[in-house]
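One structure, pasted below without further comment.
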Amino acid sequence: MNKVVAFGEIMLRLSTERHLRFSQAKTFGSNYGGGEFNVCVSLANYGLNAEFVTRLPENEIGASAVKEMRKMNVASQNIIYGGERLGIYFLETGAGTRGSNVVYDRAHSSMATIEKGLIDWEKVLEGANWFHWSGITPAISQSAAEACLEAIKVAHKIGIPISCDLNYRSKLWQYGKAPSDVMPEMLQYSNVILGDIDTAYFMLGIPKVNPNYQDEKSLPVLYSKLFELIPNLKTVATTLRYSVSASHQRIGGVLFNGKAIYHAAVQEVTPVVDRVGSGDAFMGGLIYGLLEYPNNNQRALDFAVAACCLKHTIAGDYNLVTLKEVENMLDGNSAGLVSR
Amino acid sequence: MNKVVAFGEIMLRLSTERHLRFSQAKTFGSNYGGGEFNVCVSLANYGLNAEFVTRLPENEIGASAVKEMRKMNVASQNIIYGGERLGIYFLETGAGTRGSNVVYDRAHSSMATIEKGLIDWEKVLEGANWFHWSGITPAISQSAAEACLEAIKVAHKIGIPISCDLNYRSKLWQYGKAPSDVMPEMLQYSNVILGDIDTAYFMLGIPKVNPNYQDEKSLPVLYSKLFELIPNLKTVATTLRYSVSASHQRIGGVLFNGKAIYHAAVQEVTPVVDRVGSGDAFMGGLIYGLLEYPNNNQRALDFAVAACCLKHTIAGDYNLVTLKEVENMLDGNSAGLVSR
Amino acid sequence: MNKVVAFGEIMLRLSTERHLRFSQAKTFGSNYGGGEFNVCVSLANYGLNAEFVTRLPENEIGASAVKEMRKMNVASQNIIYGGERLGIYFLETGAGTRGSNVVYDRAHSSMATIEKGLIDWEKVLEGANWFHWSGITPAISQSAAEACLEAIKVAHKIGIPISCDLNYRSKLWQYGKAPSDVMPEMLQYSNVILGDIDTAYFMLGIPKVNPNYQDEKSLPVLYSKLFELIPNLKTVATTLRYSVSASHQRIGGVLFNGKAIYHAAVQEVTPVVDRVGSGDAFMGGLIYGLLEYPNNNQRALDFAVAACCLKHTIAGDYNLVTLKEVENMLDGNSAGLVSR
Amino acid sequence: MNKVVAFGEIMLRLSTERHLRFSQAKTFGSNYGGGEFNVCVSLANYGLNAEFVTRLPENEIGASAVKEMRKMNVASQNIIYGGERLGIYFLETGAGTRGSNVVYDRAHSSMATIEKGLIDWEKVLEGANWFHWSGITPAISQSAAEACLEAIKVAHKIGIPISCDLNYRSKLWQYGKAPSDVMPEMLQYSNVILGDIDTAYFMLGIPKVNPNYQDEKSLPVLYSKLFELIPNLKTVATTLRYSVSASHQRIGGVLFNGKAIYHAAVQEVTPVVDRVGSGDAFMGGLIYGLLEYPNNNQRALDFAVAACCLKHTIAGDYNLVTLKEVENMLDGNSAGLVSR
Amino acid sequence: MNKVVAFGEIMLRLSTERHLRFSQAKTFGSNYGGGEFNVCVSLANYGLNAEFVTRLPENEIGASAVKEMRKMNVASQNIIYGGERLGIYFLETGAGTRGSNVVYDRAHSSMATIEKGLIDWEKVLEGANWFHWSGITPAISQSAAEACLEAIKVAHKIGIPISCDLNYRSKLWQYGKAPSDVMPEMLQYSNVILGDIDTAYFMLGIPKVNPNYQDEKSLPVLYSKLFELIPNLKTVATTLRYSVSASHQRIGGVLFNGKAIYHAAVQEVTPVVDRVGSGDAFMGGLIYGLLEYPNNNQRALDFAVAACCLKHTIAGDYNLVTLKEVENMLDGNSAGLVSR
Amino acid sequence: MNKVVAFGEIMLRLSTERHLRFSQAKTFGSNYGGGEFNVCVSLANYGLNAEFVTRLPENEIGASAVKEMRKMNVASQNIIYGGERLGIYFLETGAGTRGSNVVYDRAHSSMATIEKGLIDWEKVLEGANWFHWSGITPAISQSAAEACLEAIKVAHKIGIPISCDLNYRSKLWQYGKAPSDVMPEMLQYSNVILGDIDTAYFMLGIPKVNPNYQDEKSLPVLYSKLFELIPNLKTVATTLRYSVSASHQRIGGVLFNGKAIYHAAVQEVTPVVDRVGSGDAFMGGLIYGLLEYPNNNQRALDFAVAACCLKHTIAGDYNLVTLKEVENMLDGNSAGLVSR
């Protein structure tokens, strides 16, 4: 069975219910999630062997996060412990013209104060055949960036595919470095990148180009620039998201493998139960697709888009859908029929 | 006042809340419902005299079901007691492209182990002027099919109208008989049938024809075949459901009375609060319409469609709307204005 | 800072949750709200000084209402106490084709039994530069109408702008007077009126005209009639509401300042979390706009429409949005993007 | 089967949950209850035929109350409709040293504005063999007192036993009459009275005596005075309640039948889930006991005490326990064993 | 690390909240639990390697049970799949004098229809050093009894300690066999038995003796009889439970090792949050104690009693306490101080 | 009216409901509280003018805390803004033998990073006649200690009474200083100290003495030592808490005014709804008592004890009881009678 290892942060998410504003909340729903962990849950649901590596505080909140990982069938045996706290983010789910609102409270987390040298990556990655990281880890602190780079280098040395979700968050990157100071070296080793062209350019220090994703001519040229700068790159994919309102999204996708462009049909997504983590669902679908349909980039992309669409109907950070459910949607069954 | 008696199963429904998946649920909402009971609730709400006959276990769960019947003003005095358990079904309400999911746990229920001879139907049907059953009862067990046939025969002998909602459920019919082994005899006595043409054909052992419900020419021919095979048949009606997504349905209807075809205008139904039981709401509306507007099949059909649409906005199995509310919608007031 | 004083009734609102019908409810969500109070909350949220004056019973329910006012930063120091009860209204939130349903239980409230002479309006209005009332107060009782007229006269004497939301409720006006008996005198002193033309005509005793709000020619003529009858009138505005369903509204607006007509672009509002109080949100936005953009009636109207749209996404009676959020929408950001 | 008819008010009860104070509540639990109705529920649970007569408003809140009656198997066919509102009471459940707090909002209810002559008591009481009323009805308004007296006189004329729970509430009796103005005539016809001696004396206009319920000598003398003043009196019973704290009560009882005094053993009741309605549970138990054990006053009293104790463990106004559960406790099984 | 394997049934538990009765419930809290599984959770919490073996249906309800196991760190890799349904039990939590009420709906479960030969016990028990079963499995069906005996025999052959919690449930044993038909052979191989003397005697076909657990003289004699009949027996322990009320228990314990009697001090347990599973918590504590303090039977017994007491404060079936928390209580810290 | 200003930290409290453990929680109840703020709420409830000064982050969580202050009628106009986050603490409410558990996540809060010089204390304390602080502020960081000392010195210079609740928390004091390094200087200026003798000694660097609070002889000697070291000291009080279990506390108190010892009678407190903040309720009661009954130290102490007892019945951090409710208990009404 394919085994994927991801490295990143898991947070306690505290969300208001039924579209309440923060000041109205007398209770917060609690979930545990984070970009790279969410990818692991997707892959575990599809039947792969998924392991998540992070650093957690030694308290009951960290212990509760581990319980959630185990419930989701994500391996947790290489997690390290220490530091002060589990990162938190507060979420107020929008509706219609009012967008969702996130208040981060993740500074000083155990993961933000991780340092390189704490994890024996050679041992952790033994038997793995995929390594995943995202642009969030280098965004939280210098030492987290270094710890992530260390993992990337080992994965590269071992020779397993490396994927990165660029995941640019403007509210992070507060520690004095810009993405273009840090990301170019880290992205060197990546084989698969998820992100839109302008974000990739920005992280590599190239001026933005405002790409037209429907233009079959310019697109390969723009993507090729990434292939030039990232020697190991094999696949770039982009989620195309058209936001009609907080409750209505249109989701498509593009993939370039260095030779050909693939487009996924745009899907209507309405209503939106919870859109947080839908990018991670795309990433999880993409990794699954590239591993399981190695010669069928169209299906890999379509799988990622279908997974992303379904995630919008799932409450919480990660995508609680089965392989069969994604495949059903891939096969055109998206009318939401009752199964009975 | 018109009095309708229905015979069938009532179940405990356990549903996850706010679109949660089964594995996320820490609580299940509980309701009591079932196709034939749901029809009774509709009729009681419209002001008719409605009675439900079934078999219940002698425990607190069965007693709670009876309390719910009484609350809904459905007579319960001829219910018989015995057997092991109340049937259960688990419901996970979908959204958008993710359909709702039903897990049945109804085998070995008190109703599945009912036998003919336990109910004195002559007495039960005294004073009734309508009898209703559905294709679910013969689908759950041989002995339930026999008990239902017994009731049908008495109703026929007494000479009251008999309606049947075909209600085909592929997950049932597990006891060794096919619908075409059982249903033809039972349908013989029916005056009103609700179901699409192919389901009716399938139950009568006729090959499917994939009918075009917009084709005014072929439709009477296809329906007439049913009139040939079912000597007592007076009215066939079909709910036309176009599922845009789990949250958006389009509902129309067709009715054939042996002479003329009636069409109801298609209604947009979005969002869907709960679509389970919307077919039963159609059935309840149809019985009401046929009883109260005996010479106006168009209004009877329109009433059924309006009732069905409104049901999608009601949580739970049955249609908690008043006669006035259905009539308001019939009169074109479907814009959801605030009444204040 | 601008200071606005409003006079009216605050009620306990008891609402069923998740679209449940009254008979299904085992709990009622509780909020405190009322047309004029809701306007105050909007203004306090936008940074103005807002004060609400009313009469409350001396019990814990009245005390809870005051706590809510304080939480919302609405001044409450001139509230008077006495009478028997806080008015209540029950709300059942509709969906799709089923409209919301309000059951009023506000008769005999402390505000309904208020009498003129109990409030020292000269003192209350000292330092205020706006007074707001609505057509609800004169609709609840003769003595409330008199108490309101007393306040209006003092505000007029002091020379501060006076606004009135006509707010016609057919279920009120039960005490033997018609609006046209009472409102003409009260409206004499108003500088700003919110309401559609036919409601204004009706309250002034003029026959209805069924105006076409898109007709640039007839509209100024129709509005001018109001200016003729109300000597102090400066601005009339109307919310244009097209109800597709209980879950989907289209909101626009028109404003006439005696010289020119302004139109706001129609906005799609779907889904509707809670539409109660959306008219009050329009009123609050309009007062803010007229005070803060005195020379820009277009922006004042657009602000009111944006505020009204956003209110539909907020649970409860009043509009819990910030100035920045309304301005963002005004600037065209209505796609509901996640802020993170 | 014995048939008991009770006359009184049913209210909507709105209670905070988990000991929250009114100002903390974002939801109110809703129940329907009232002294005389609660007695009916007890009797229906014990298998008697119970009917409740009252006056309800013609709105959804009144309709919901009727649904609750039907669920509880209490007949409701003689209820009359009219008036403005259903009475409400707000309840904040205390704990330990903090007592529960009730805020009444029942003035102007449909029952308070009932008048004599609206109910055909001869017809209603046909077939009944018990009539029950309480001191609450004459406490709410003059016209309710008159309507109640009318019912009492018919019951007396027909010759069925009449019981009265004195139920003195100091916050009521606001309409200008004292209990001693009204109650003596009404109590004339009662055969069974529940209440402590001083309350009875107070209602009959006799000075308080602060009785010692353990004193076997003085007690018959004090009770006999009631027998002198109330010619039809057969049985007087008193709940003995020692309140250790809001969460810990001790419950006993005394009964005098004109000849002998009976004492019930004091029971420890802790914790208290909900003590509202525990007096009504006593009354319901007493009526059951007097009807079913006509020659065993000790058992009737013990039954009433056991029912009262069990009520403290039931959320809501009425006593949701079965005959078997009361009998089990009567038989000494009060240790709260798990039944499995 | 010590590894314990348990075999038995896991059920979906549906419980009313806040002491509501079944007929009041609009939601059921859902948990997954069962005697032998609960023991596994205790042991996993104390840091042992715990595995649970059972048979589950292949549906989402079964899958949810496995997710719960994983969350609780109980190994599930040898679970087999098949059969119709997951057993259910409904729980109504009592208070004070009203005991909790369990309605079983576990007939026809996947575990009840298990058969011997489906599990390769030699492989499952490889590396284990303890096997646990209980008297519930032979109580549900003949084939479950046979499947359990098969496991016991393999465990015995391998030579690992075997423990049995007698767990007599009078509502089970419905398939035509009495405990004394089945249990003697099964108990032959047990080294540790938990249960009171009379239950053990009853299961072995010996007349009841109503033992006095304070009598140091008779107790060894009565226990020795078990040692005579069960050749492998090393330890018998009994939970002593004095039920003051459903909310107040007193818990002690006795252990006999064939030579000496040990008594644990009786602990006050009030209030009771949830007493279901407290016997399993005792069993889990006892296994832990016997494994970890092999030469200190007093501490093993005290550990079991402390674990049992703490369980009464935990909602749900199993004992969510840490080793440190039990040890703290063992060390006398039972005053419920706040840790901060 | 007396005006009290308090300085300290307010936190977001996230608590599990119904005694659930952290790992069971799917929702956290949210409240805002903190030792010094809680004192303000008590005083505002008793009718005093109370103001709370702190430092808050400029985000929606900080804004929600201010809304809560306003709701509680605590003035907030001198709060300063800045820093990263609002401190959080997680609370798991125990029961019986399982104590409550607090997980602090308050490091790096806006209050912890406050610095002296940011608040104009001369202006803030203008018109105040009491200043309150606690030992928590110097425990969180060096700069918070300095900011607090600055406030204390100004209060002393102005000449208003200063109170300090010692509030020792062993999990704090992590920044390299011991209490005895910091507290002696800060306590110099205090007139009223709340805390047990050994805590006071520890903070002043004196060896512990394990005082006997019943010994009338030694007690004045031990307390006098504090008067020697703290020149401004007028009153020392100690809450006496005997913890029977997490659900049952016994609360008394001692006060020494330099001349005489006062004892309050011990009160039984069971059940405990929420004991967090009960010490702050004592402090709030003590300040009220000293201000309002300046010549009656016994009543001041009794008032503090009664307030503390009542707090245990209130959910959340602060004491939501009225002056009248405390006085009722002081007058001996602690039996928890229903008020109706």
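In this document, chain identifiers A, B, C, D, E and F correspond to the written order of the chains, with residue numbering beginning at 1 in each.
The definition used in the following text is that a residue touches a chain if its C-beta (ideal position, glycine included) is under 8 Å from a C-beta of that chain, and two chains touch if they have at least 3 such contacts.
What you see is a predicted model; the values in this text were computed from it and never measured.
Comparing the centres of all chains, each the average of its CA atoms, the largest separation from chain F belongs to B. Farthest from chain C, judged by the mean position of CA atoms in each chain, is E. Taken over every residue number at the interface, the positions common to chain C and chain F amount to over half, indicating a same-residue contact. Chain A and chain B have centres, each the mean of its CA atoms, that are 45 Å apart.
Centre-to-centre separation of chain C and chain E, using mean CA positions: 63 Å. Among the residues of chain E, those in touch with two or more other chains are 17-18, 21, 23, 26, 67, 71, 101, 271.
Residue ranges of chain E in contact with chain D, taken from their complex: 18-21, 23-24, 89, 94-102, 104, 169, 171, 243-248, 271, 275-276.
Here chain E touches chain A in the complex through residues 67-68, 70-73, going by the rule given at the top. Residues of chain E that touch chain F in their complex: 17-18, 71, 267-273, 309-310, 312-316, 320-321, 325, 329, 334-340. Those residues of chain D that touch chain C in the complex are listed here as 14, 17, 21-23, 25-30, 59-61, 63-64, 67, 84-86, 88, 90, 92, 101, 103, 105, 107-108.
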